[in-house]
Every structure is written in structure tokens, then in C-alpha cells.
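Each of the two complexes below includes chain A, the first together with chain B, the second together with chain C.
Let's look at the complex of A and B:
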């Protein structure tokens, strides 16, 4: 049974990672067309994208969008998670349901709705609009991660801080934030990764301020250009690093809590 | 008692429709060790939380050192608490935990460290100062919690079942630590517990609560020998309670007719009042005497040197006798054997039914 499960796991992982791996492979291949056999090793495609101002513009946009999104989404996620932990009020479950709604809506619908809304309020095609849209998408993840952490807190901890002379704000700073620190860091990395990767919504709302995934699509639309493999490899590298850091932070903390 | 350190005047606490504490009146003197005990849900922890300012009384007045505390926020009081869960900060080491209260008071880090180390030393855990609190043993964590609460040198320390998570042998040791500490510091301890042995072992006075009301306040001996209500008589250990009504009354003695016969008991009551005679299990003796009842042995409970035998009288009343384990063999208290029990009239306690 375990053998079967392992084989199955390898197959699934292969199915997911093989295209990415192939793309990585061809990003170092001399030939213009992605065909076997490989013709020779080159870093030419990377040199090409690094000398392309369009790439740098979109890379800069992606960086700004993902870091800003991560900070805002994590802040909002923390506030909601803490509200959920600390207070009970009428309509709380409805409140939580609405907060957690965005990931359940098809991306294309969110993207269209965002585009319509932003053009109406005169905000379309700006970096700010991508940040706003990505914040909506990623804040629920941030909240889920921090909420999980808060569910492990000893409920007396905050009261103990008050009892020892900490005001509510002080207790937040000295007890709640340090306690949530691993989850907050994890949330920062994960929301940054989601935003960095995100294509659909970015494509609709970005206008001329392209992010990297949008830039990739524009290249693919016109030509067959191995530059795409190079950019794809870079984007994948950044995202997977962020996700791995995020998961490691949660995993080690949980492991520590269970021992 | 001179000016009390803590006073509760008709304090009441409601949560929506639920009355957690009702009309509580209590005065606690400076330097007293008070234990508040009762079954879970009796309001003892709520009372403690009101002293700490974590719950506000719905009505009534709480004063500490003469000052009205109702509106004083928790962080503005000097009423540190030792929590049932200990509530040590897991992201700080032992010394940083102890320093927390000093840090909140804006004391600089050198002074903080000096005072924290002093307390850790006093609690005999200085060697663990830099250790993560999660790696310490239960007893060590307990000492960190105590040091953390006492480092600000309060006049009043609140303890919420702090020993409930410890092993039995550690409980006894920590009881010793606590009583010694309280004597040395001369400050007031308010100790909430459901354990009678903890309360009786340490406290100067005990407060027994039931369903949000204070049932009795007194020294452990008073509460044990002269329970004022049936609840208290049942709650504090092995009492025999014989309900009935008063049939005659002398100057300082009355007779009560119970289901098991008519017995004399010291006390004053008018004829016809409903009353019970309470005889502590250790005052009951096997044999015939002033007041005797016949009963059948049902079972025995062995607790070290003392054995409690449970018996059933003719009308089904449960009776208890406590005897020395080494005397047991001579008494023939095997389950099923019929014996006669007796007690001296002056060892009975008259309990008038609450109206």
C-alpha cells in the first residue's frame, strides 16, 4: 500500500513539476525551438532578458506589488484573526465567511469585477490597483495562518500581561505580536509568493504597468521565444523560495509546540 | 482586625442572566492567608478575577487598602496573580518572564535583571534563568510563575489553583514553599482552590462558596468542626449528618428527633425548628455510648494511616467512621458486619436549617 502511495505521489509530483523542469532545462538550451535533442548550453537567454528594459520594469513592478501586498494583507489578516480570537459579537460567523470569501470566487470573475470597479473610480492600470486587487486575494490566507497560531495561545496569556501592568496596547506589543511572530513572518512570505505569481487578476487590472507573469504572456502571445523559459525559471525560483520559507516557519513552530 | 487590606461589600457579578457571585461580603486583613474554596462554578475564580480587575463587579464595592477599585483597570492595579495554567510567556526565558512586570513599570534593564535574578535565586531556580520556560519541569515553571508575580513586591498575591497541574508529591512540597513564603513576606495571599486539603493545610481562614454565595468564612478548624450550613458540612470532609427537628430545649443543650432516634446536642434552638446533628467522622466511635446507632458496614476507604468506613443505618442514612488503620483489626469493620456506633454529646454539632 505504501509503495502504491509513493508511486502515486511521485506521479502527481512529476505531473506538476515536469513542465516547470522542462522550461528550466530549455532556458539553458541554445536552440530557439524547444525540441529534443538539446543542442548546447547557453546563458544567452538570461543575458537577453537582463538587457531588456521591459523585463526590469515588470520585475520592479512585481517586486513593489508583492512586498506591499504582503505587508498590507498580513496586517489586515492579523487584525481580523485577532478580532476573531478576542471578541464575540452578533453576526461574527457571517463576518468571517465574508472575510474568507475571495479565494472561493473564480479568479476571472474577481478580475473582471476589479477591472470594472477600478475604471469606474478612475484607478485602472496603476500599480496601486494591482496591489489593492492582490490584497483582496491574499488577505484571507494571511488571516488563516495567523488565526491558526492564535488558536494555540493560552487564553490567560494576554490577561497575565495586563495583570503584570501592561495596558492593552502594551500587551499587544509585548505578548500577542511576539507570540504570533512565526505566523506573521510565514504570512508575509506566503502572500508575497501568491502575489508574485498571480497572473489573471494582474493581467486585467495592470494596464501598462505589467508584472512579470503578464510580461511573460505578452512575449508568448507574439512569438516563440526561449526568454520566456528564463523568466519563468526566475519567477518560479522566487515563488518556491518564499513558499518554502513560509511553510518551514509554520512547520517548525508546530513541531516545537507538539513536543 | 484593624483596617482590612481587601474588602468586598455586597459584591455581585452577573454574566447576562447567570449570577456568578451574589452579595459577597468579605474582609481580608493584611498578611492573611485566605483560601477561597468550593466546587467548580461556585464563583471562587470570578471573585479572584474581580480582585485582579479582570472582571468588573456588576454592583457592590471592592476596596483594596481603602481605595475603591471598581473602576481601576487591571494593569493599573498591583495585584499579581499566579494562574492555573501558569500563563508563562513561551517566547521569553525564565529571567525575562520574571522581569516582565518590572519592564511594564519602566524599570531599567540592569535593575530589572538584578531583581529578577534575586527572586529566581530565592526560588532556587537561578541556574535555569536563561532557559526557555517550555523546557522546564512543572515544579520549576511553578517557581518561575511565583517569582514573576512577586518580583514587584505586591501587598496582595492572588493564586488561582496554581498547584492543580502538579503531581501529588510536588503539591505537598509547593504547599510548604508557599506557606513559608507568605510568612516571610508578610503579604496577603488569596488562594482559590477546590481542594480542601490544600486550603486547610495553608490558610489562616477559609471562605467556602456555593452557587455564587459565600456559605461560611472561618478558620479551617471552625469550618471543619462547626459548619454553618448543610452544604459546608457535606463539602468539608467526612461528616455524618442526621436531619430531624428539635423536640426539647435546655439552657445550652437541645434534643433532636432524627430518623435514627432522638439525640442530645449542645446548642440553642426553639422547639419545632428543623435542625440536623453533625458528627465528624473522626468523632464517631465503634461501641455503645451516650448516643448510639446501629449500622451495617458497606465499604472501606484506605488513605494511609486513616481508614474511613462507610456504613448504612436501618433507615438508609449513610454514616462514616474514621479510625486508625492499626486499630482496624480489633473493631471488626468487615463489609456486611453489623456494629453499633456512638458519639459523645459534646462532639455533636447542631446545624439549624437555613430558612
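Let's look at the complex of A and C:
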């Protein structure tokens, strides 16, 4: 029984990680069409993408979009988390719903809605449109991380600061913000990573200012091109670094908090 | 009630304004757009039922609808069934530390591009691909998997499996151990323990996991497009085709509204079911 379960677990893990592994493996394989047996080692696909101006343009857009998104989404997430932590008021659940709902709506619908809306208000095909869309998509993650951190704070800390004569603003600056710093940093990295990978909404609203995933989408639509594996492996490297930093920040803080 | 001051508003207003501009606004607009009409390649803002009549009277729309619901439903059920033994193993037969590491590992797929993973499956499943190359070495195949519903399902499972596995593992790890011990002590077989203790105790988690699997598959265009060959098309592919190929945005909006209503009904029923307390006896 135990043996069966262990084997099953390995098979499921295999299913999940096989495409990631295969993509990395074949980004170094010579043959244009990936199949077994392997044909020989090459770094040609990486050289191909590095010499492609389209790659650099889209990578630059992705960088701008994901960093700006991270800052705005984290700000929105922080405001919501703090409001939820500190206040109770009529319509609060509606207030929380408008920021937490986006992940439950299929991206394709959000993409169409954004495309139509942005063309209506004259904002279509710009990098800022992608950023606006991505902040809505990623703010819930920021909110979740920061709210989790706020639930660990001793509520009397802020009140103590007020009693000692600090204004609400000063208490925010000297008590709440320092306490939330690891969660805020972690949220910056996580939202950047999510934004960096998003392609459905970007594809619809980006126009000519495509991001890296949209560039990949366009290559995939054309032919079988192992460049995709190489880009995928690079993007994987970037995303995973961001996530590891984000996780490490939460992890070490939790350890510190519990000791 | 406390009076609203500048400080409190600073944290509330930006959210309300931002989300209204970039979330509520677009969503309401897409509903309104389904009543617009296209004349001379220009979208005219009116209130007419042209697009609705046209889309609802077409067989291909209904075929796509049924196919999408069935495929997303199959993906949700398959993912739940396949993930269950693995989650069971992680929840009950490994240490807390191993489980933590496993969950961290399972987060990795969320940050590898789903597009790249799909492309990878494409090269694995192709007629001359990795899988057929491998089984060809022992004289089997080749099998046709691409451009069939099998390809689509594999894509959906790639998308949802990590999430379902994580949710199920967390659900089962949080079930009170004493319940399971009690069942064992009273002579329950493992199968009966699962059926009478674990499934009811973790109902909420299992239903939510399946619901997420359904929502994600229902809205995904990558798997049915690249692995299923749009054959037949799903609702998201209809949206893309009508938006990108023509100027028929109102018709795409009709499909989007149909999808939203469907999801709302299914999510609402699933959540009601998940949180319903069992009748007291």
C-alpha cells in the first residue's frame, strides 16, 4: 500500500516536472525538431535569441512592466491589507471583493474586457495598459502576503504609539511599515514574477509593445523552434530567483517571529 | 461609528478608484458591449440584441459550449482523482518537513511559463516526438496524441495538477489526526477511513480544489489550441477568433458573458455544497 502510494506520488511529480525538464534538456540539443535520441550539445539556440533584437525589445518591455506592476500592486495590496486589518465598516466585504476577485475570472475574459475598455478610453496598445491590467491581476497576491504578516502584529503596538503621542501617520511610518517590511519585499518579488509570466492579457492589450511571453507566443504560433526552450529556461531562471528570494524573506521572518 | 478621516481614506480611496477604472469598468463594459452592433466596420454603442441572437442561434457556439464544459469538468475530476493518492501520501505518510519541501517544489511550476510547458508537451507528444521516439526504441507506436482531446486534457492537467495537489495535501494535513486514529481503533479499513472520515472532513478543500481546476481549464486557450488543435474549438478559442480575426467584438463579448454566467452558477453551487453543514441527526 505504502509502496503503491509512493510510486504514484513519483509518477504525478514526474508528470508535473517532465515538461520543465524536457524543455531545459532540449534547449541544448542540436536538432531542430526535438526527439530521442539526442543529437548533440549546442548553445546555438541561446546565441540565436541573444542576437535577436525582438528578444531584447520584448525583454525590456517585460522588465519595465513587471517592476512597475510590482510597485503599484504592492501599494494597492498594502492599503487593502491595512484597511482590512484595522477598520471594520459597512460594505467592507464588497471593498475586499473588488480587489480579491480578479484571479477567479478567466484571463481570456479579463483580456477581452481590458482590450475593449482601453480602446474605448484611448489607452490601447501601450505599455501602461499592460501595467494597469497586471496590477489588477497581481494585487490580490500582494494583499494576501501582507495581510498574513499583519495578522502576526501585536495590536497594542500601534495603539501604544498613539498613546505616546505619535500621530496616525507617524505610527504607520515607525511601527506598521517596519513590521511589514519583509512581507512588502516578498510581495514585490512575487508580483513581479507573476507579471513577468502573464501572456493572455498582455497579448490582447499590448499591440506592438509586446512582452517576452507574447514574443514566445508568436514564435510558438509559427513553427517548431527550440528557441522557445532556451527562452523558457532563461525566464525560468529569472522567475525562480525572484520566487526564492520572496520565499526566503517570508521564511526567515517567520522563523524569527516564532523564536 | 467612527468618522472617516483623511488617514483612513488614504488607504481606501486609491483601491476603489483604481479597481473601478481597471477592473469593474472593463467588466461592466464587456457586458454592455455584447449589446453593441458593428456597422461599416465601426462599433456602434447601442442596445440591441443582434449579437446575442446571432450567437445563440448558431450550432457551433452550442457545440463549443458543451465541449468546453465537458472537457473542463473531466479535467477537474481527473485531476482530483489522480492527485488524491499522491496528496494522501504527502499528508499522512511523510514528515511535516518533507511535506513543506514538497509544497515548495510544487510551487515551482507556477513560475515556469505555462506556454513553454505546453510547447514542451507539444514536442513530447508529437508524431515524431520524444514519447514516440522513446516507445519506438522498443518497437511500439507511433501514437497520435496531438490534435485530439487527449492532448487538450494533458494540457489542462499540466495547468491544474500542482494547484490541486497542494490544496488536497493541505486539506488532508489539517484534518484532526484523532478522527483518523479513532476510525482505525474502531476497526476501519484504510478504504473505509477514507470514505467515512477523510472525504467528509475535507469536503470543503476537495470541492474548492476541483472548482479551481474547473475554472482554470474552462478559461484556458493554450491547451485546446496547441495540443488539441482547436478541434473542436472551445469557448476561449471562439473569443480569440472573433476578436483577432474580425471586428466582431460584440460577439466575443457574448461568449465572454456566457462564460461568466456559467462560471458564476458553477462556482456558487460548488461553494454552497462545500460549506453546507450536514444535517444534524
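As a convention for this text, the second predicted complex is superposed on the first by the 247 of 259 C-alpha atoms of A that agree within 3 Å, B and C clash if a C-alpha of one lies under 4 Å from a C-alpha of the other, contacts with A are read in each partner's own complex, and residues count from 1 in each chain.
Convention: a residue touches a chain if its C-beta (ideal position, glycine included) is under 8 Å from a C-beta of that chain, and two chains touch if they have at least 3 such contacts.
Being a predicted model, the structure only gives us computed values, none of them experimental.
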| item | value |
| --- | --- |
| Partner chain(s) touched by A:174 [first = chain B, second = chain C, both, neither] | first |
| Touching partner for A:156 - first (chain B), second (chain C), both, neither | first |
| Touching partner for A:41 - first (chain B), second (chain C), both, neither | neither |
| Dominant contact partner of chain A by residue count, chain C or chain B | C |
| Residues on chain A lying within both footprints (that of chain B and that of chain C) | 168 |
| Residue ranges of chain C touching chain A (in the complex, touch as defined) | 1, 7-8, 10-12, 14-16, 18-27, 29-30, 33, 82-83, 85-86, 88-90, 93, 104-109, 111-124, 126, 128-130, 132-134, 137, 157-158, 161-162, 165, 190, 215-216, 218-221, 226, 236, 239-240, 243, 249, 252-253, 256, 259-260, 263, 267 |
| In the complex with chain B, residue positions of chain A that touch it | 154, 156-157, 159-168, 170-171, 174-175, 178-179, 181 |
| Residues of chain B defined as touching chain A within the complex | 52-54, 73-76, 79-81, 83-85, 87, 89-92, 100-101, 103-105, 148-149, 152 |
| Residue ranges of chain A touching chain C (in the complex, touch as defined) | 1-2, 4-6, 8-9, 12-13, 15-20, 22-23, 26, 33-37, 75-76, 79-80, 82-83, 87, 89, 95, 98-99, 101-102, 104-110, 112-117, 120, 132-133, 135-136, 168-169, 172, 193, 197, 199-200, 204, 213, 216-217, 220, 224, 228-229, 231-232, 235-236, 239-240, 242-243, 247 |
